[in-house]
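For reference, chains read A, B, C and D in written order, and residue numbers begin at 1 within each chain.
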Amino acid sequence: MYNYTILIPMIPLVMFLVTGLLGMKWKPIISGLLGTTGLGISWVLSLMTAITYFFGGHHAEAFPTIIPFETLWLTFSETLQIKMGVLLDPISVMMLVVVTTISFMVHIYSLGYMHGEKGFQRFYAFLSLFTFSMLGLVIATNIFQMYIFWELVGVSSFLLIGFYYQKPSAVAASKKAFIVTRFADLGFLIGILILSFITKTFDFGILTNPDGAVFANAAGLSFMGVSAMTWAMVLVFMGGAGKSAMFPLHIWLPDAMEGPTPVSALIHAATMVVAGVYLVARLFVVYHFQAPDALEVVAYIGGFTSLFAAVIAITQYDIKRVLAFSTLSQLGYMMLALGVSGYGGEEGLGYMASVFHLFTHAMFKALLFLGAGSIIHAVHSNYMYDMGGLRKYLPITHITFLIACLTIAGVPPLSGFFSKDEILVAALEHNKLLFAVEFLVAGLTAFYMFRLYFNIFWGKDRHYHHTPHESPLTMTIPLMFLAFASVFSGFLPFHSLVTADKMHFDTHLHLGVAVPSVLIGLLGIALAWLLYKKESKTPENIARKLGVLYTATYNKFYFDEIYLFITRKIIFNYISRPIAWFDRHIVDGFMVGIGTVTEKVSYRIKGMQSGQLQHYAFMFVAGALILALVLVYYM
Amino acid sequence: MIEGIPIQHFLIVSTLMFFIGVAGFIMRRNLITILMAIELILNSVNINFVIFNRYLYPDQLQGHFFAILVVGIAAAEASVAIALIINIYRKLKNIDVENVNELRY
Amino acid sequence: MNILTLLIVIPVLTITGILFTKDLKGARLVSAIGMTAQLVVAAILVFMYLGARKAGVTDEMLFTADYMWFKTLNIRYAIGVDGIAVAMIALTAVVVFAGIFASWEMEFLSREFFISLILLATGVFGFFISLDLFTMFLFYEVAVIPMYLLIGIWGSGPKESSAMKLTLMLMGGSALLMVGIFGIYFNSAPDGGPLTFHIIEISKIQIPVEAQRFFFPFTFVGFGILGALFPFHTWSPDGHASAPTAVSMLHAGVLMKLGGYGAFRVAMFLMPEAAHEMAWIFIILTSISVVYGAFGAIWQKDLKYINAYSSVSHCGLVLFALLMMNETAMDGGIIQMISHGLMTALFFALIGMIYGRTHTRNIYEMGGLMKVIPILSVVYVIAGLASLGLPGLSGFVAEMTVFVGAFQHTDVFHRVVTILAASSIVITAVYILRVVGILLFGPVKDPHFEHLEDAQWYEKLSMYTLVIAIAGIGIAPLWLSNTILDSLKPIVEKLAQVAF
Amino acid sequence: MSFNVVMFYVFSAIILLFSLLTITSRRILRAAVYLLFVLIATAGVYFLLEYQFMAAVQLTLYAGGIVVLIIFSILLTHHISHLFEKPELTKLLMGTGVAVVGSFLTIYTILTYPFPEIVTTTPLPATMENIGAQLLGVEKNGYALPFELISILLLAAMIGAIVIAKKDKSKNSEI
């Protein structure tokens, strides 16, 4: 019935191979169209899958987990095998829709945005590669397949961030992104190893069985006072945190904005960065039943990241960086929601809210990035002080951007309101402190988003190189589509579609939470309106008053510098360099030393071969005497 | 066999002679002197052969014959050595052993 | 004729053929034909092997032959292959084939070059098919000696000293190895009866444990030196840096694998008790190799040095995996051998090609090559990604199998070293991306490089052969892995008999 | 104390004294003459031992032949009045050191070794008949083969000596 689902990732793979290997030969636009068409087919197939899966049958009880395709890929031992397959359950079907939708939009958008760029077909090849990897990740039937595609996603992100490979900052950013996530993946890998050791399986189907039979071995296993399962799940989360740029592994994401803007929209806002959330959601049963401590960690890290990123976002001037920090903050929300979630029925509200927010966030954040791309396309700058009064020139961009800002600020009845509200409710039920944090962040979010909005679209005109003009249709259609999705996706009945135990449960609007959260959102907007609607000195004055605090925030609390210090100074200078030195001079020196000593000694004893007959005679007689002494008198 | 003289006395004499020869061989520079030192060594060995023959195995003459053969070899050796020395002298205009070191390392 | 003997006969015929040629054109043509034939034979061998296994042949070794050639010491020309040997032979055939094309323009003393190169290959093929320790050792020496000439004559930089260092250190290894082999030989009949060099026969008896304790370190270190075991790896950076392209390819790609192959086929297989007792020492050394090599690579600025240190790291992982002594880890170790063989050969081929164009190997003097020589650069990126273990390329399969296998041990020691070794994947990423970033990306630093020519057809042939092999293993590793797993069974069983 | 005993000690003293003088003398011709005395005294010892043939050989071959040969060569290569410089200290030390140590070692061994006091076998007189029969005999105790070997050796040495000492006209004509 679902056999065609294998085509969803395969089409982008074929597109990647075709455009990658043959694309050089033909006109660039053909690659673009080919890629877009391919992805369009994937998108349609995904939608078909989603519709048949969610609405096709009458699911009185839980949604089934379907594996329409699976093949053995590698055998480790009799029990441990890696399979490649397609797994359909509510969350993966939902993710299929998200990924293909955003990817398709980005494909269309890039036709306009990347038009005339050198390496156009390369761009499309990489996009296809990324989409393939991301889809493979989403439909993974086992944790190792997920890890495989996890890595592929990482590398395609690396390639796309470094797309402008002649720009040193882009190269550095791509390197940073890859290495940081790779470091996180090490944790993921070790987590997988521990899990596989305990359970002897990689299969999600077995792992996420709520009865937890496979974890029987784990009882009593512990390391440094923490149980093995907690270790495993924290390490797995480390992988997720790396991809989702959770604090303290967040540093790569702002830099990743060096990539082309559509890439930022696709990878660094809507799809790849939510892979971490997806991973935790995917293993939620394991977290919840086997390692509740690890889930606690997830919640706190999520909460802290969302606050931390929101604070930084207020001070940034690069519009893509503001959006990047906003992404961080929203990802923190999702993680937190998972962290505070329970299992089954109403208890699983957090899980549902997280996935819901993942969905809506993908739509409105992609919209924001694509809108930002449209703006950058028009003014050729990333900095908001180069912008102002653009609402006249870019009407469609303006409207869609405004919708997105309202959505993220949580203004009802836009989609962001629903998902965020449910997260807040879940947090409130579980942990008051985290609720307070998130509540504050909701206000901050509204404030920095509207700071951005007012700075770009209102205020004075700047000196533009040429009059900004609205982007071509290829770029505005995706904007409009996503705006539409942002507005209406809030009404999707997620509580009956994607839940922790795959069962339907009822949700209702929690007015005690909703009203204050809307109010604080509006407060943020109002504050931004006061400060940034018109050009004024007030923000600068406030900044000056805050002094060190402001500078620290502006410099992202110097985390980049700290990491740079650790890598450049410590790893390079204090580990690598001494090792290189040690190798050359001590180890190799020892080996060469053996040679040198041999040579030296032979030079020395060469003197014995003096050609002087009498020396020989002396040696001979003395040697004979010594031998005689030894043999006759000692032995 | 000489009544009243133990074999040890002979042997001590020959030993001393032998090591005098060795010392001469090592000390002296002149090739001919070295040759003479060798003759001393050979001679002391000859004495030993004869003594052992006389004192320990008087029923045979093996030591005796060995001594004779050694004398013959010594003659051969001396003749070749002297030929060499003369040749060296022609080349180097002296016969210091230190100058004959072509075979060093 | 036995198909395995054919693997030796073809190179010998090729060498003979080269003797009748006059210049570079003839020599390379004959070499190319010979090595293509070799590749074909290797491919046929693979299919014959798989076919035989599928048909249910369960012998430990297939295609065996056995001729006495030195009766007094019972030395035999005994040949036969299992899945591992077949895989190694296929690897060798591919690398040699690529190597011939990578040295297509070897102007200087070209006939002699190709003769030495193919002689080296002959030794390697002989090594892998031999079942007789002495014959194996003989072929090993045949493989090592031409290396001296190849580096000393056709090398670059301080080639004489590098060649000397490499050869002397490998000879030192050979000396240890010889002690080990004779130790095995003289203990091969503890209950009386004729002594033997035949691996399979020895594996059926038990060498006295006392003797094992004495001779295992000799044998293992002897092979370990060739496999760049810390701290005996220092020949590798210098040797590789000075060697001409094809030699680096063959050496890092194939010759270093002789070490890993011998380490388990001879040292561990025949002396399992001592292997168990002493594994911990070598596990520590190899884990050091893995991390240390990777860190060492970060600081280098010569492309070949980077790759040489990377080889130390990767080959350390091979021995590390083998010493874990369970099926999965050893399987991973062998895949790692093959994978590393292919990708390091590709690396060295690329470095040679880049050096041939820019005349420098210092990464800081280059930059932005992606713009000028895109094909080479893309392949370089692929090689780099394979090296850092990207799924879909061979390195990933190998590393993951190793780590999963190594992690099956329950004690803390094995866990810690496994995690330590696993951490190398991050460090690998650091140095690979550093090189890629400096060398290929960024603006073109030297205006002279603006007009470099991209790959020629023979270079493409050489690169693509290797890339296809790497990707092939990476995408569909199952058949390889299963073949190896099957063949590992007797070895693992033998090791398990004495375990714990 | 019999005459023989006295004579032995006299001969011994001569041997040792002139041996020493042979190697220490700074005039080479004198050294040769001292060597002659040593050889003659050795011959005397042989006489005391009743090996007359041996003593005769010693006198004729050694004293008469070799020493003359040496003296000839001295005359060919030296001025009579040539005075050697003293030997170097290191060599002196080396030579005497080895000699002293070696002598002590050997003499100690000789003195501690239990030589048989009485030998009961009947002595075989070294008469010319016995010597002749054995030296040229081929049966037990026959030395014909070594004898022949020595003769060939002597022949070879003679030819060798001539070849070596011959002036190489083509090459060394200028010397």
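By our rule, a contact is a pair of C-beta atoms (placed from the backbone, for glycine too) under 8 Å apart; a residue touches a chain by one contact, two chains touch by 3 or more.
Every value quoted in this text rests on a predicted model; they were computed, and no experiment measured them.
**Q** Any chance you could check whether B-D or A-B wins on number of contacting C-beta pairs?
**A** B-D
**Q** So, what's the distance in Å between the C-alpha centres of chain C and chain B?
**A** That gives a centre separation of 65 Å.
**Q** For chain B and chain D, what's the span in angstrom between their mean Cα positions?
**A** Each chain's C-alpha centroid was found; their separation is 5 Å.
**Q** How many angstrom between the C-alpha centroids of chain B and chain A?
**A** 96
**Q** Quick one: chain C and chain D, Cα centre-to-centre, how many Å?
**A** For chain C versus chain D, the centre distance works out to 70 Å.
**Q** Show the residues in chain A shared as contacts by 2 or more other chains, in ascending order.
**A** Only 614, 618, 621 qualify.
**Q** Pull out every residue in chain D that's touching 2 or more other chains.
**A** 91, 94-95, 98, 102
**Q** By the touch rule stated above, which residues of chain B touch at least two different other chains?
**A** Those would be 22, 25-27.
**Q** According to the definition of touch, which chains form touching pairs?
**A** Touching chain pairs, listed by label, come out as A-B, A-C, A-D, B-D.
**Q** For the complex, which residues does chain D have touching chain A?
**A** 91, 94-95, 98, 101-102, 105, 109
**Q** Hey, which residues of chain A end up touching chain D in the complex?
**A** Spelled out, the residues of chain A in touch with chain D are 614, 618, 621-622, 625, 628-629, 632.
**Q** Spell out the part of chain A that touches chain B in their complex, as residue ranges.
**A** Touching chain B from chain A are residues 606-607, 609-614, 617-618, 621.
**Q** For chain A, which residues are in contact with chain C within the complex?
**A** So the residues of chain A in touch with chain C come to 72-77, 80, 144, 147-149, 151-152, 155, 158, 162, 165-168, 171-172, 174-175, 178-179, 182-183, 185-186, 189-190, 193-194, 196-197, 567, 571-572, 575-577, 579-580, 583, 587-588, 590-592, 595.
**Q** If we count contacts the way the header does, which residues on chain C are in touch with chain A in the complex?
**A** 165, 168-169, 230-235, 237-238, 292, 295-296, 298-300, 309, 327-328, 331, 368, 370-371, 385, 388-392, 396-397, 400-401, 403-405, 407-408, 418-419, 422-423, 425-426, 429-430, 433-434, 437, 440-443, 476-478, 481-482, 485
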